[in-house]
Amino acid sequence: MHRLLRLSILLMGLFSAAGSYAADATQPTLTTEDSLGPQVVQPIEFPHNRHAGLRNPNDPTNSDPAKGGMEIDCQYCHTYARRSAVAGIPPLQKCIGCHQSIETVRDKPRIQELFKYWDAKKPVPWKKVHDLPDFVRFNHERHIKRFVEQQNRPTQEACGYCHGDVKSMTVARRSKPLTMGWCATCHQKAHPVAAEGGTPIGNQAYWYSFQKPVADASGGAVKAQGPNDCWQCHK
Amino acid sequence: MKDIREDIAWAKINRDILGSLENPRKLYWVIVTCALAAFGVGVGCEIYQYRTGMGVANLNNPQVWGLYIATFIFWIGMSHSGTLLSAILHLMHADWRKPIYRFAEAMTTFSLMTAGLFVMVHIGRLWQFYYSLPYPNERGIWPNFQSPLLWDAMAIFTYLSSSVLFLYVGMIPDLAICRDHLHEGWRKKLYTLLALGWEGSDRQWRNFRVTYLTIACFLIPLAVSVHSIVASDFAMSQQPGWHVTSFPPYFVAGALYSGCAAIITLFIILRYVFRFEEYMTKSILKKTVRLTFAISMVWTYLNAVEFAGVWYSHDEASKAVLIEKATGIYAPFWWSMIFCGSVMPLVLAFKRFQTNIPVLFAVSLLLNLGMWLERWMIVAPTFSHGYYPWTWENDQWPSLIQWGMVFASFGWFTLLFMVFCKVFPSVSMYEVKEMVYHRSLHLKKGETAEQGAH
Amino acid sequence: MSVSNLLENWSRFRHFHPVDDKPHDPYKWAMSIDLDACTGCNACSVACYAENNIPVVGKERFQHGQQMHWMRIERYWDEDGRDFPDQGAQFLPMMCQQCEAAPCETVCPVAATNHTADGLNSQIYNRCVGSRYCSANCPFKVRYFNWYDYPTTDNVWPAEMSQQLNPDVTVRGKGVMEKCTFCVQRLSAAKVTAKGEGRIVREGEVQTACQQACPTSAISFGNLVDPESRVHKQWLAQQVEIDKDEQEKHKEEGGSELRGYRILEELRPYPSVMYLERVRESAV
Amino acid sequence: MIDSGSVKHLAGHPFDRRDFLKVLGWSGAAVALSGCGNTSIEDGKETVVSYVEAADYVIPGIGVYYNSTCAQCDAGCSINGRVREGRVLKLEGNPDSAINRGKTCGLGQAGVQHHYNPDRVREPLLRNGDKGETITWDKAYALIAEKLSSVKGEEIAFLSGGVSGHLKTLLGNYLDSIGSKNHFVYEAVAPAVLRAANKKAYGMEMPRFNINKAKVVLSFGADFLGAWVSPVHFSQQYAQFRKGVDGKRGVLIQVESKMTLTGANADRWLAVRPGTEGILALGIINALGASGLNLSGDVAAAVKGYDKARVSKDTGVSAEQIDKIAALLKERTPSLVLAGSAAEGYAHGSQNAAAINLLNQVLGNVGKTVEASASVPFPQMAPAKGNTAALKSLNDGLAAGKYKVLFNYAANPVFTAPGALKFKDNLAKAGFKVAFAHYLDETALQADLVLPLDSALEDWGTQVPEYMAEGAQINIQQPLMEKLHANTRGMGDILLNLVKQRNPEGYKSFDDYYAYLRGALLQNKGALGGGGADDDTFWNETLTKGIVKLAGPAGALSGKASAVGLSLPSPSAADAQYPLQLIPGVTASLRDGRHANQPWLQESPDPLTTIVWDSWVEIHPKKAAELGITEGDIVEVASRTGSIKVQAYLFPGIHPDAISVPLGRGHEALGRYAKGYGANPFQILDAVFDKETGELALHETRVKVSKTGQRVIAVKDEGAAGGMQAGRKIAVRMSTDEVDQSEEI
């Protein structure tokens, strides 16, 4: 009898230990075969690496596409990101703006395809790569403001937090899980107490756990940066 | 009248009860077929509701709960008597429970399973049901531990698992008998597996007794808490007619009441179907009936307490709901509930009816109807006559889908129960043997004493 | 993350009564509705349909009480048995009162509805499993359940009409609860703009759809914490305090001469909507 | 970002803005139906379509606001449409307009549902037996030209709703070019009698009513908060009026036989016997005289017979109440007396209106709360005001076979003509009927050629409101998005095309109506206040504002309400056969029924009965008890002309001798949200006309009501408690002597 009791106590202990470890250790992961995320077929295979990739130091004229990119800033094309909640796709006009004066690549099949759309005045039907569910509200503007404008981080780094190393890809792939838990990992690590501008903590939402409330140094109102209630990100 | 004949041979007990696993009366198959058909109706309803939306149940705002929750409480309530008979009476050494506790315990388990189905049927997004379980997830969020609904889920799950365990543990010696007496086949394999190598050694018996007792002790507070928690679903809310302090004991009493009534019904059915006349004697029935009568009076008293509490309070909204129940559109059902729940049991007070099987069968069904109505009368009138007069409404009538689901739940329960009784011994062989043995000892002692007096 | 969080925050369980010692800062959205100005014209309600992607359920479902109007206009008659209602009717716009101690929040099994730092009662559609307990416990009955899958129902949003849907608001499928959000999509947009400029949202910068439409400007909406806001001034002038279940002014003998009151305040949900009583001339 | 107060201005961005109204691939705009279904990240499922070219201010995810004009009714509210990714999402009011000052009504809000309506006509249709056959526009134009060539000018009739602005000018030009003078302007529900009475009393048809300046408003059935003239404007005035002049809260007294929305908001609502409004007005003048107000000789003479006892007997309003009203009017000045549709709708409607206007004059309100309104200095653009006399004359002409070709625009007479006129039968006598239509409504179904119109949110135009709030203004209507359907056309474009058939030279410089409009406005740049600016700047600014405000003097009031010739009939004796007066209810959202296919309006509960999706007949509970009718009984309402079946609703706000059925429902066509819902009381209206103006007397139909034995459950928002609060403090009321409003914000 006692053995049975001891055994059950032991089992229960093991179970709760494993459970709490599992609860603390669950980390969102990608579920694709490689770390780059799912492949999406686009109407034109847009080479991000060629546009945004690093210059090849040995090739000052930048003539060999296989060897280097042009280090174009993400925001040069994705201009909406700093002004709007959505980053958007640049208008076709933007592509043509440069490409009509780049004679060297005019006969390349992809560029010819691009001009076909332009001549027909038809937009390119790109496929969404980073497509959040429709009940999620994500604001690009806030993130660019914080990282690029306030903290002066390089654009590619800031964008890369969520979009991965796009400059090394041709067609962009979703290399981050973009799940709720994944968002939270960042928002918990990187957003400790801020002296100003934080929002005080409501009540329940915290208790359900999303973000840990931290008392500020003065012991006054508890403040946190970033999302602190469900409605920040859910609509 | 004796609870059981003292001179039944043990072999006969084995033979009779094992017989129930082999050849029941024809009625058994009729019942099983009907139950299966009824359950099929429910499956159809659920598929339709799942695909179309909860609207097909003709629920609305504000009448958001309807029969599903009412029937859920009904089934939870039904589960209580199994524990009463098997655990409480076990601790109190009332040995007349022995021939009937097994099926009562099975009733507990299966009615809990039926109740669980109603949670599923009720939920608007069944496919997201797992959100309400506290499991580690990458989102890092928990369900709301403040919600009585969550307590409910936990209480029911705990109660269900404990009940299953209790039922199973109590069955082990019998399973061994089955194993030893049955011909080859899948059942033999099943019993072999489940009997866990029971040999009836002293050590085994000793451990068995302790374990059984421990679980029984554990189960009793669970049983009380589970229906108290179901009561909390209502009592913890703020609505008039629900926010009542006496709800937990009232619910528990109601639960025991409906459970006892159901035991009478099933007693009568099993006794006939499996030819258990020798074991499920009229004397035992009489005791059960008396118990039921006592509980019915407790329930009536608590009902009166609730009404008086509302009536003499300053809570005008609750009073309005009470008056609405008695005079409004739900009045026929409410008065039927009072009749079935408080007047009908008076029949049980008469000795001549206490062993009259047809009367008892009818009365027990009516009692259960009353108890089902009680649950409905707790749920619905508050919705249709709550705090906010603008949303009062009186033309909400549950659709056929809801009724179909309620109907089907009886089918589902009966199906599970009947299959159980056919596969497992629904009368405890070893306990009946014990009972017979004790009674015969007693008798002998009595005879000896008598002889001595001469 | 989660277990440790759960344990650490155990003590905080309901500790933060939102209206106790810690006031909201910098936002507490609140409303006041002047029933003397409200004419019952329904413009607010239609504006709400337009802004919040509310499905039109059709005659049959309306008959079954399955309508979805987040904002309903109630019409009351005098109850003194006169032949004619010769002092007119009483209109009352009723929507989610965004209670500070909301009865709906505590009962939701999955925490799909909870309190935000801005004092709103949030409803997270995707978390909702549809137990409908929140609606059961709502004293005002202002929560609406998606009894059917309206997006796929014929003639609710035919292809052309679906182009009108507001992309800032989720289109709800079957089985979820919904209710007035105080146009949270407008609030969060305004907050983003303000935050980008390093300030808080100013009075008048954001309006709810109902407020914006209301032809008599009966609805005021704003930040109760902001002393400049009209709502703040109105609550102050009417001596209505958010954390009271009975206002001081009502305790005095003879009643108050001020019009502000909150509905079912005595149940202690601490609603964020103050109504101003309708006035009727005594001389005619 | 969605700061709805601010408008992203177009000024300073020269471009052809029509390019930017293109719909940005709207699957990319995150409008997936059922956001809750999609619970996880999707990869490459949705398409995101960007613009080919885009202006700087067009940013995905951010709303752009364009000003335009609401076309849901003729009040001329300016609207501000929120456009995102090329789709118009919501309409708000334009704060700069003096008419609505940023506000909208429910009807206006539903304007987007007119635009996105799934039942709009999309192709030109030519009748082929019972069916419509799709044809091309070229063929349609050719067909019109062909038909017109074979008839004389006077055999062509053009029926339209109220039109104004450049469309009216162009229409006039077209009618001139085909030599027709038969333009019939028809509105089923219009204050036409009032216009005539006002013209007499004040010298102008629509003076300005300053409700906000009045301390007492005495309204004889003018539903100015609901559906009368310019409700959004009056609602704002009403809000100010309630706040009060000098802190004294305004008092509203409403006199009518059926409670309207305005009546429901009155301090005192008086159920007057139908048709005796004028008598009551004279009775009040009499009482004012008795209480010492100085009456001129002719007035005193005219009201002499209207002593309290008689008036009280005739109208059913108690003598005590008349005294109270007179005392209040005498004590609190200025006041305002309004004559509304309930007073006008009788055979003696003009007399009623004259008596009411006389009361205004006696009280000295003219010049204070009734003021001269401004008008647009281009008479050719002034609104052509619709009335029912025009319909009668058209109907007579059709019956006589005078018209061979009939054009119809913005009117639905087959639905709205009183049943007694037998308009549908007469219509068949016209050989060739052309309908310019948004929907296949009842009239379009009778047409031989149906030409699909652009919605108001896709079309260009100008509009001049009939009721000018402050200064005169011309409202600009501009497209808020690209056309939804390729083959619809703007009415202006169609007229331009038609007029070009006749006069190609005169209009050859205008490619389309847009060019015509632009040209016409630029031509008068100076008069429109754009003196110094260059053309593009002026044009862009005009479009940005959406309104052209015109300086210039308001007119002056002339004329004088006269007591001479006032003769009010005593209330008619009881009619044994048809004992009840039928009052067709004009509701704020459905009006004459043209917008009944907008589901928001169908599902928006009627404010007073809270009924949706159906018609009803309002019966006073006492009368109902007498007739043994309870709520939900289907009753037959029969007049001399016809009968309808409709559910009964017991309504305390109606005179027991009257019943009311709302207009606007009971369509047999129009679309999926309108067809088959409710009953159409127009069908049973008798042909009784106002004696002076020849207008249809809308309230003069007498009916009887009988139970059919069928019952329904009323589809309404109101619950089982009806309008009761069960003693709970829900909607509370104070009396002015209990309240202290001095410190209110």
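In order of appearance the chains are A, B, C and D, and numbering begins at 1 in each one.
Keep in mind that, in the parts below, contacts are C-beta pairs under 8 Å (C-beta built on N, C-alpha and C of every residue); 3 or more make two chains touch, one makes a residue touch a chain.
Note that the structure is predicted; figures quoted are calculated from it, not measured.
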- Task: Please find which chain has its CA centre nearest to the centre of all protein CA atoms in view.
- Result: C
- Query: C-D or B-C: which has the larger count of contacting C-beta pairs?
  - Reply: C-D
- Message: Farthest chain from chain B, going by the mean of C-alpha atoms per chain?
- Response: D
- Message: Distance between chain C and chain D based on Cα centroids, please, to the nearest Å.
- Response: 32
- Whole-Å distance, C-alpha centre of chain B to that of chain C, is 43
- Note on the structure: Chain-centre distance (mean CA atoms) for chain A and chain D, in whole Å, is 52
- Note on the structure: chain A to chain B, mean C-alpha position gap in Å, rounds to 54
- Message: Which positions in chain C are in touch with at least two other chains?
- Response: 1-3, 5-6, 13-14, 67, 72, 74, 111, 125-127, 149, 168, 170-171, 175-176, 185, 189, 192, 264
- Find every residue in chain A that makes contact with two or more other chains and list them. 19, 23-24, 26, 85, 133-135, 179, 184, 204, 208-209
- For chain D, which residues are shared contacts with two or more other chains? 1, 30-32, 35-36, 39, 61, 713, 718, 724-725, 728, 730
- Query: Touch graph of the chains shown: is it line, ring, star, complete or other?
  - Reply: complete
- In the complex, the residues of chain D that touch chain A are 1, 25, 28, 30-32, 35-36, 38-54, 59-62
- Would you mind writing out the residues of chain B in touch with chain D in their complex? 125, 128, 316-317, 320, 384, 387-395
- Item | chain A residues within the chain D interface of the complex | 37-38, 40-41, 80, 83-86, 88-93, 117-118, 121-129, 131-135, 174, 177-179
- Query: Hey, which residues of chain C end up touching chain D in the complex?
  - Reply: 35-37, 39-43, 45-47, 49-51, 56-59, 62-63, 67, 69, 72-77, 79, 83-92, 125-126, 149, 151-152, 155, 157-168, 170-173, 175-176, 185-186, 189-190, 192-193, 204-207, 209, 212-218, 230, 233-234, 237-238, 255, 257-259, 261, 263-264, 275-284
- Within the complex, which stretch of chain B touches chain A? 136-142, 144, 207, 210-211
